């Protein structure tokens, strides 16, 4: 055993409790010597404390995840007892279905446009909220409402605001003479407007979350960096684009990746506002999976549709892992 | 022409309270290394930041190169600053850090590389140009910060305690590098520190601040040998000056002027001192003692000697201070007054 | 003030006012609609921003006494409380283990656990609906009690990991030198110190429960057993007629308390979230 530099004379002895990594004496190692050394005990304890959560996740997330794949290749229906493999039949039929192709396209448009709008909006808002000002706490409360309120309830609120007859937005537009009375836009009734409405509501709901994350990134910038930039002669725009934004880029990445996942896999906004209509113009993959699988009863096809979410999940997970790894290397 | 001037400069953070900076009048000399010295809270950093344009003054004016700049933003003042943490842009390479001010001031692109390499050569960091700040040591970061400051050839440098973040051993060599750098470049420099050793070693002049008020501006010799008041007298010099009250006057003498009686031939005041503590510092000894008998009975004094052998704890010895080494301060105002004849016994 | 700085201050205020107005307006509208008489709501002639007829409590009355709103509230609160308990039971030890007891691969495991949060309900809900009906939990709140921890646990573990990491190791080391086992140190020292972090996790777990829509919609069909976030949108529609006044009241009442609680704990949430991400 090496000489302990702190205690070369060996005056201190390990206490009977045996904390700190004492090695057992050489020779035969019985059960207690091997399994109950302090470091081994720590490992067992770690496993014991972590185990239940791990098992639970494996059961409630892992198993259904595998089942989703199995169902997609089967003919399972609500109420059916059996389970038969049907190969790629489900996939063939959904790929041929115009509903599905429309839903896939809608999902992409829905996700990309919402998140671009959220990115721009939350960057502007986060920059504006960076400095303290009177009432900032109250503003924060107001600003968080779309994110905190259950999304189904916020969506219903918007449904009322976008109602074909009684929309308050239309009332204002008509009052400002943008439209003649009774000819104001049918926000949820016309295909393109419906898509715009759905994107609007999703953007509205995501903005607070993204802003909060960006704000956290902004406040993490040390105070003297922008001061040094000011002294060095950088004006507002140069400082923002060459110093501030590059420094919050890692956090922006996190916010964007989350936003993409939340949007691509969300069915609530569409379900409540338009139920996929009119004529599938706002149908997205998750809502289509719901209508097909649960309402329509065809669990297998529903599962097959929902599997198309997986590539995006995998891509995002990979990007997040890579970012986390890079952050660690730094 | 004075590079930096302040006129009645004041900064009040909270209404009704004493300002962080009160009525400071300052005129720098061309090419000098001026040190703002004071304890924390003395206003030295606030003063520096006002000169840089990072704080707006409550009252007063700031002039740089003869022009009133009080209402101008930092970028319009064309000064360079080195922050305590160096504030290097972490996502940019050393080269990009140094070239940043050149880009910001719209210097033509052809000149960039040449100027950066000149600044890097001046500080000996040419081989670091492609690295990122997180890959640099503390000393290297200081040099990059200086290079970034010098590359614009500004008329004045402002340095905010740049040595505080370095560990003690590195501090000495970094200090030497800064002095060397200043001699080569000759730019007027204002340097903020709370460390009086740094101030004495580096400054051409030292401005001592306390509670936002300038107590004294002078060369290191002036502030050390002719302190303007008791604050300056005790702030400079370690261990601090001994102060004894005598009537309406405070008498001060430095520890290095308090000798065993035998060593002082000339006119001197005598004190009998009992030793309470002895510290051996290798190069010198510090004696802590208590005066016995006479009007200063019970007062604690410190002495600094080259050798402390022969002294025993608890024993009394006769010490003396030459009259020429005494400083007199008015008890009321704490300011220095002329020498007086006083009763000592 | 420097020249030009005044412009940026103005721009900042303008941005803040416009954004907060846009973000909060729907809730303001919910508030007005709640107290408007139905005939006033459907009156196209008048200015909708004003009360053209006297404000009324009729919508609230309908909501509380003629629907299952209060029952749904109770369901949601009950599910929330039980899920919070299960989550803490699973996540507290798991987070501690990840923060302290595992070395480098602990960090990887932590990220792994967090990634399971990314697996969406819209992927798992179809197989889970089958599992739920096989277990006989269809149409009961217990289906949700069993399934909800699947997303509350990963998220809470991540947050708690961040909080635990910010407690210096020396605390438990000192306790163990004094003779406590590590687990005892965890229970008697670490948990009490982390109370505000734990409270934060409680609030956020509860908010995750009230937000979730897909499972609640899928596992529980129209019934008094429904959760609030599904009951309100689906029930206050009789045929094709929406009882907007009561609908809006229901939305507002459910949203505001959570918003207030959320706000109180937001700073701690950010701290835990970013610590876990940065380290």
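The letters A, B and C name the chains in turn, as written, and every chain counts its residues from 1.
Definition applied: a residue touches a chain if its C-beta (ideal position, glycine included) is under 8 Å from a C-beta of that chain, and two chains touch if they have at least 3 such contacts.
Quick caveat: nothing in here was measured; it's all calculated off a predicted structure.
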Farthest-lying chain, centroid of Cα atoms versus that of subunit C: B
Comparison of A-C and A-B (more C-beta pairs in contact): A-C
Subunit B and subunit C, separation of their C-alpha mean positions in angstrom: 55
Computed distance of Cα centres, subunit B from subunit A, in Å: 53
CA centroid of subunit A to CA centroid of subunit C, Å: 14
Numbers and ranges of subunit C residues touching at least 2 other chains: none
Numbers and ranges of subunit B residues touching at least 2 other chains: 53, 73
Sites on subunit A at which at least two other chains make contact: none
Residues of subunit B that touch subunit A when the two form their complex: 52-54, 73-75, 78-81, 83-85, 87, 89-91, 100-101, 103-105, 134, 148, 152
Sites on subunit C touched by subunit A in the complex: 8, 11-13, 15-16, 19-20, 22-24, 26-27, 29-30, 33, 41-42, 44, 47-49, 89-91, 93-94, 96-98, 100-102, 107, 109, 111, 113, 115-116, 118-131, 146-147, 149-150, 153-154, 157, 176-177, 179, 182-183, 207, 210-211, 213-214, 217-218, 228-230, 232-233, 242, 244, 247-248, 250-251, 254-255, 258-260, 262-263, 266, 270, 273-274, 277-278
Contacting residues of subunit A [partner subunit B, same complex]: 222, 224-225, 227-235, 238, 242-243, 246-247, 249, 330
In the complex with subunit C, residue positions of subunit A that touch it: 15, 17, 19, 42-43, 45-50, 52-54, 56-57, 60-61, 63-65, 67-68, 70-71, 76, 78, 121, 124-125, 128-129, 131, 133, 137, 139-146, 148-158, 160-161, 165-166, 168, 171, 204, 207-208, 212-213, 216, 220, 236, 254, 261, 265-268, 271-272, 285-286, 289-290, 293-294, 299, 302-303, 306-307, 309-310, 313, 316-317, 320-321, 324, 327-328
